[in-house]
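As written, the chains take the letters A, B, C and D, and residue 1 is the first residue of each chain.
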Amino acid sequence: MEKTGQFWGGRFKEGMDELMWNFSRGRKADRFLFPYDIKATLVHVKALAKAGILSEQEQRKIESGLKKILDLYNREPDYEEEDIHSFVQESLREIVGVLADKVHTARSRNDLVACDSILAIRDILITLKDKIRGLQRAILEKAEELSDVIIPSYTHLQSAQVVYLSHYLLSFISGFQRVVDFIDWTVENQYCPLTACAGSGTSIGLDAESMARELGLKAPYLNSMDAIANRDYFLDALYIMERVALLLSRMAEDWIIYSSSEFGFLNLPEGFCTGSSIMPHKKNPDALELIRARAGKVIGAKQQFSLLLKALPMTYNRDLQEDKEIFFSTLDELIPMIDVMKEIVRGMGVKQERINEVLENDYLYATDLMEELIKRGVDRASAHKAVGRLIRLSEERGMRLRDVDRTEREKILGIDLSDEEYRAIFSPKRSVDSKRSYNGTAKERVLAQIEYWTSVLS
Amino acid sequence: MEKTGQFWGGRFKEGMDELMWNFSRGRKADRFLFPYDIKATLVHVKALAKAGILSEQEQRKIESGLKKILDLYNREPDYEEEDIHSFVQESLREIVGVLADKVHTARSRNDLVACDSILAIRDILITLKDKIRGLQRAILEKAEELSDVIIPSYTHLQSAQVVYLSHYLLSFISGFQRVVDFIDWTVENQYCPLTACAGSGTSIGLDAESMARELGLKAPYLNSMDAIANRDYFLDALYIMERVALLLSRMAEDWIIYSSSEFGFLNLPEGFCTGSSIMPHKKNPDALELIRARAGKVIGAKQQFSLLLKALPMTYNRDLQEDKEIFFSTLDELIPMIDVMKEIVRGMGVKQERINEVLENDYLYATDLMEELIKRGVDRASAHKAVGRLIRLSEERGMRLRDVDRTEREKILGIDLSDEEYRAIFSPKRSVDSKRSYNGTAKERVLAQIEYWTSVLS
Amino acid sequence: MEKTGQFWGGRFKEGMDELMWNFSRGRKADRFLFPYDIKATLVHVKALAKAGILSEQEQRKIESGLKKILDLYNREPDYEEEDIHSFVQESLREIVGVLADKVHTARSRNDLVACDSILAIRDILITLKDKIRGLQRAILEKAEELSDVIIPSYTHLQSAQVVYLSHYLLSFISGFQRVVDFIDWTVENQYCPLTACAGSGTSIGLDAESMARELGLKAPYLNSMDAIANRDYFLDALYIMERVALLLSRMAEDWIIYSSSEFGFLNLPEGFCTGSSIMPHKKNPDALELIRARAGKVIGAKQQFSLLLKALPMTYNRDLQEDKEIFFSTLDELIPMIDVMKEIVRGMGVKQERINEVLENDYLYATDLMEELIKRGVDRASAHKAVGRLIRLSEERGMRLRDVDRTEREKILGIDLSDEEYRAIFSPKRSVDSKRSYNGTAKERVLAQIEYWTSVLS
Amino acid sequence: MEKTGQFWGGRFKEGMDELMWNFSRGRKADRFLFPYDIKATLVHVKALAKAGILSEQEQRKIESGLKKILDLYNREPDYEEEDIHSFVQESLREIVGVLADKVHTARSRNDLVACDSILAIRDILITLKDKIRGLQRAILEKAEELSDVIIPSYTHLQSAQVVYLSHYLLSFISGFQRVVDFIDWTVENQYCPLTACAGSGTSIGLDAESMARELGLKAPYLNSMDAIANRDYFLDALYIMERVALLLSRMAEDWIIYSSSEFGFLNLPEGFCTGSSIMPHKKNPDALELIRARAGKVIGAKQQFSLLLKALPMTYNRDLQEDKEIFFSTLDELIPMIDVMKEIVRGMGVKQERINEVLENDYLYATDLMEELIKRGVDRASAHKAVGRLIRLSEERGMRLRDVDRTEREKILGIDLSDEEYRAIFSPKRSVDSKRSYNGTAKERVLAQIEYWTSVLS
């Protein structure tokens, strides 16, 4: 079997096995690298010319050839070769003839593949950041739109206190911001592997620092073996995707629960739900469930990458071809998750009637009652115990906490609150607006957050 | 947006969002289920007829319709519907009209999808077993072919003793056999989820036991909620694939090392290696490296599945759609790994000259020397220490162990061995053939294994 | 540094580094192996005697020595040696002198450690099965106790239909039974590695088949290298634990949700909940949350084991020491999870009042309404659409489905149901008891399950 | 059962179950938090005083009490309470009486635990960085010590070209530096959760920005719910540990291979190796194998953490207690791995004789030959093919590449090299020193790296 693009074949008596050809061929993932292969090659060619290895004319000929290939591929992205690098190389040979081989001077596939990958990942991280930004903006808009809605907050999935829905929503913007900060740092801290060749460097003197600069990278790698063996950039990118997935999965879980029949706070957009063939009333949160499920796939993909790297000998091993497969298929999984979540955020509404019902739960204001006691001089431990006892009493009596009568209240709380004073405590709005601490849920604090994010996200 | 195949749509005012359509649509994996969807439906239709819900004529009409769909699909496997079940349902409606809906009696998508999946997995496990069998056979043939070759065995990657290469090869057949045994057990222990409907069962009395029997399953599920919520069959299948991958990765790792420049025992078939663009002498074990790498992907896929199931509420959740995606893409990964490994086994040879060199390593026979001393009455601890001291002496002298002279030997070993007796110990053949214990490497034991596997695998 | 128990030290000039001593020493996990080390050694000694390598008197002396060590250790389980095997060996030497070394004839630490581990795992799996049995029994008792309670069933966390709580509970017994079946199979399919020595076998002829039989194992390993390299028994055991953990996590998730403020069906035993320092009303399902969390640790531990085995060269490598650490620490994690879940099941109650409220949700009976229409001759697709439209109408009117008046009903459903007939559909009891299919939720089917499990579990 | 430290108990009728007490109690990990609990409390107390909630006298009393507890605990680190926070609280109450409760003003266990954890992790990351620095320094010293040693470099575990051993060693310093950079960034980007209370904030106005500043944190969290729910700091720390473990595992793998009988380059320090009870000549790289194995445990621990977080509802759930267990036990695993690796680096030597043998492998200079041809005007593709053919010829003839005679050489290479010119190519020193590119292995470049790292690491 004669295969194109295998210029390493000189020593081999047999060709490559057909089975092996399919097994080892760069698969879909490779195509993402195409524009970066051209870009890295252009910079390399420039450096070769600067070093006098290519004449000015040769340089121009090659550059024009590479641009032709770029056009060609953009029109018809298909090729027969083993991988994208062979494709570029072969295509170039067709255009400029034997001159194409000179491009390989002071370069091997090892440093080229690494360079392409780093460039691709950097761009993809920037795209991912834009996607996250879009989701953050959608959350921000929803937080503004629903800025008067109050819901219970939960710890242990037990309702705890009341908060503004917008406060709850804004908490996710903060969470995503930490990923964005990490992306920014990662994008700034990438190194250029060119001139590392097969891992020992080369005897040809190219200007490595200029090449790094022109590719927008921080600096050249200090060590050629590290340059070839390192795949931290893939691992970091997968970790970033895992972080996004984890946060999406927490949002999805919450909203599945909040739109369950029994919670019933949220109204998900119908376009992202399905019905049941046998239960015509159901409105299933399928999109959120798929996001939750695929979050697991993204997390597992990061794990696959660690499995790949663990105990891998130095420097390059063919195992590393799979870096791209794992990375790009995970990207394909994650991007639509963000897109869909953004639309769900946009289309989401609340069921105010059900929320009102839930806010009638007196226990949501138990903390407020306790703080009222403390404010009136009861020491903290006693206040805590007293409120606990009052709750138990109301449960035993089968009555609402707010309905316990004044005498009984006084007996347990040790303090006399008028009915008006006592009843006022059970007000959602009073409760939330009292939480004026720096990161608290009071309206003024929520508005401060909204203002902050409006400026950051615009 | 009007989509075909969404017969649950009655309640919804809006159609499904375009983005969501692509996000949620049954992807490639679904197609594997097609023949099983037809099969399960045929059995269900028969049960409906037996229960008098379908007339004999209706039954025949539907059966003929289903067979038409099967033919149709086999010729042109494409459809527009949301998933394969909708496709079958819609196609049937086109052929038999409204009668098609009757097929849904006493059935929901939940039990149907589960049933299809179980049937598919069972068949796939049987195929997987055949693949493993093929690999075992290839190993067996190679073990017979190279039955006289002796190599070092390793623990801690330090050469330990000598063994027949065929003994080493046969150890993998044993390893794979444990997976085969587990497959056999798994295939026998599957249950039929039909009649579970949406998880509560149904008021229609179908003969669940007959249905299970006709589908070749052990019995019906005892509990309809379990029938819908359970995905152990997927998890088991992924665990089985993980087991195969782990064993392949250990083979691959060994052979990569054994064909390294410094070990140099093995000669891998060129069709499964590649060369280097910059180092024309290299013969890289790419196929083995890819097997090792993809083993990590298979292991990680099993992890993805566990991530899917962890803390998933009962009973069915849309998350479970991903079960198929994970499973089938892992299958696509694993099958070629086995195929390629089989060809590598077949094409593998040894480099006898280099092996001869390595067998000259005297330390490989240290145990034999120690056993000789014990046989001659030295207690074990003393024999152990004596051999250790002799080795150190030879190292300090920079001489081979077998060349230590008689006087010095006697001084350290405490026993006088003639030069002939002493030299004889350092014979590979004598060493291996002495290991006659049940599972030892002596020729007679290796032949017994070969005989055993020849009968099992034929 | 002179360390006891290092009888391999003959060749080494330096002792072991102190840091290394602590790094490499068999840690806690080793102690689980102690009784099995004695047991395997006793069988080995018997075989040595049978083969004439030990005299009858020597055999008796060693056996008595081993029993002394067993007593000693049971009274004071501590030792200074590198690991448990060295401890047994050293202790034996103290008791029987140099004769102790003879026990090492035809045995190495490699086959001994493997043998100990297999024996330990088998016993532990049997213990684990007992634990699971205990949990199954607790579930069964609770299912009997609460046999009249009806709750909604869920798919997509949307309430779907009604089921008996006991039907729901019994679904977990079925789930755990699949693990029990796998344990049974695993326990029966273990092999004996003795006589494999360092991986090549031995020249001493011991009766391997008798040894396997006496240790209760299926057969000796066929191949000595496989015997030393194989760790499937650990992997299987961890997979079994993962399966248990996954199921526990699904139970835990459900019950956390069912005891949330908004679902509110379940009343968890207070002894397994905690309160809040700041919200005196809270009753947090801490035990269930810890079970859910630790399930993740168990799943991750299985993953750690796969990471250990992936691409590990043949045969024994010191990496494999970690098998025990991972296994036993996971066991320590899992057993209390089962114990705690059992107590939660035992102490669990329902909040009937809240359940009654929830059962008022008319949509739970939508399927029943649809089936009524079908029973009265409406074709399935029309029935499905009609019910969907009726639901939408009731929602738009802000009224309950059961309150839609006769004329409007007739218009949409196409069939005239009297108020009595129509109202009767919305009865929980009628709904559940109609689901009489094999694995359905009707009382008679639930009782059949209870009867079945009572006989299996007693 | 009456347990100390459960001040949340007011509402509960029953005490906590004994089983549950053991199941839920803060375990060892909690103790790491102790000094940070005191530290965070001191800052909180100061803020309370500043806000006028504590008088100056009360502040002093509490501060002195907290310092007493610190002393007490440092002398005798044991307690009976549920966790370290209860211990501090109870101890304070014993010292300052009911005033202790005032400390809980505007604080809950949720924000306290988060704050303690963040502070602990930051300090631990700094410690981890020091450990890595120590390892980097040891590598640097070894690189200087062995600066003249030349070894083969490997890709695909096939020897490729020659490099300085120090170049190889320095590649790991670069790898670890990327982790150090990430640690630095992480340490600088932590937020203060105080005042978030149970997730809604508090009505008490404390100076959150001062508190953050005094604790050395970047800023307060913007959102109280995020402050309570977020565990990114744990995840990042585990990811950092995973990165370290991955790199250690690659070093370990290499060195296990390089010290195998067949490679035989490296001489590991005996104090970190073991022998074999049955093969007295063996020197097993146990420490490296344990590092490789435990790397898998660290990677798996990171996975456990992701399993914990996936789909966890907002905000705090008891699941999060396990964050500390996973984190601290992983830390306990990793730190000794670094320590041991450092000692191995320090004690490592080379076997120059064996290295010399390996450097005789002519193929290591094939690239040099190719570059010589190119330098003499042969185009790249032809040079590549010619060298490949020459290698095949030498193999067929069973002769060394350097011994092919001049006529045959000329025929294949198309160029006439004198014997002297030809032979000179096969010189290790000439080969390495020619690789003068920025990150190449030439002596001058290696010295530049050494100089750079000497200044960075001192």
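As a convention for this text, contacts are C-beta pairs under 8 Å (C-beta built on N, C-alpha and C of every residue); 3 or more make two chains touch, one makes a residue touch a chain.
Computed from a predicted model, the values in this text were never measured in an experiment.
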item: Pair of chains joined by more contacts [C-beta pairs], A-B or A-C; value: A-B
item: Chain pair repeating A-D, as identified from B-D, C-D or B-C when over half of the contact pairs by residue number coincide; value: B-C
item: Distance between the centres, which are taken as Cα means, of subunit B and subunit A, whole angstrom; value: 33
item: Centroid distance [mean C-alpha coordinates] between subunit C and subunit B, Å; value: 23
item: Shared-contact residues (touching 2 or more other chains) in subunit A; value: 7-8, 10-11, 13, 104, 154-157, 160-161, 197-198, 257, 275-286, 289, 292, 295-296, 299, 303, 306-307, 310-311, 317-318, 367, 384-385, 387-388, 391
item: Touching residues on subunit A, where the partner in the complex is subunit D; value: 7-8, 10-11, 13, 98, 101-102, 104-106, 110, 153-157, 160-163, 167-168, 170-175, 178, 181, 185, 189, 195-206, 208-209, 220-230, 232, 235, 239, 242-243, 246, 249-250, 252-254, 257, 292, 295-296, 299, 302-303, 306-307, 309-318, 367, 371, 374, 379-381, 384-385, 387-389, 391-392, 432, 434-442, 445, 449, 452
item: Subunit A contact footprint on subunit C (complex, rising order); value: 152, 154-161, 256-257, 260-264, 275-286, 289, 303, 306-307, 310-311, 358, 361, 363, 366-367, 370, 384-385, 387-388, 391
item: Contact footprint of subunit B on subunit A as seen in their complex; value: 6-17, 19-20, 22-24, 104, 108-109, 197-198, 269-287, 289-290, 292-297, 299-301, 303-304, 307-308, 310, 317-322, 325-326, 336, 339-340, 343
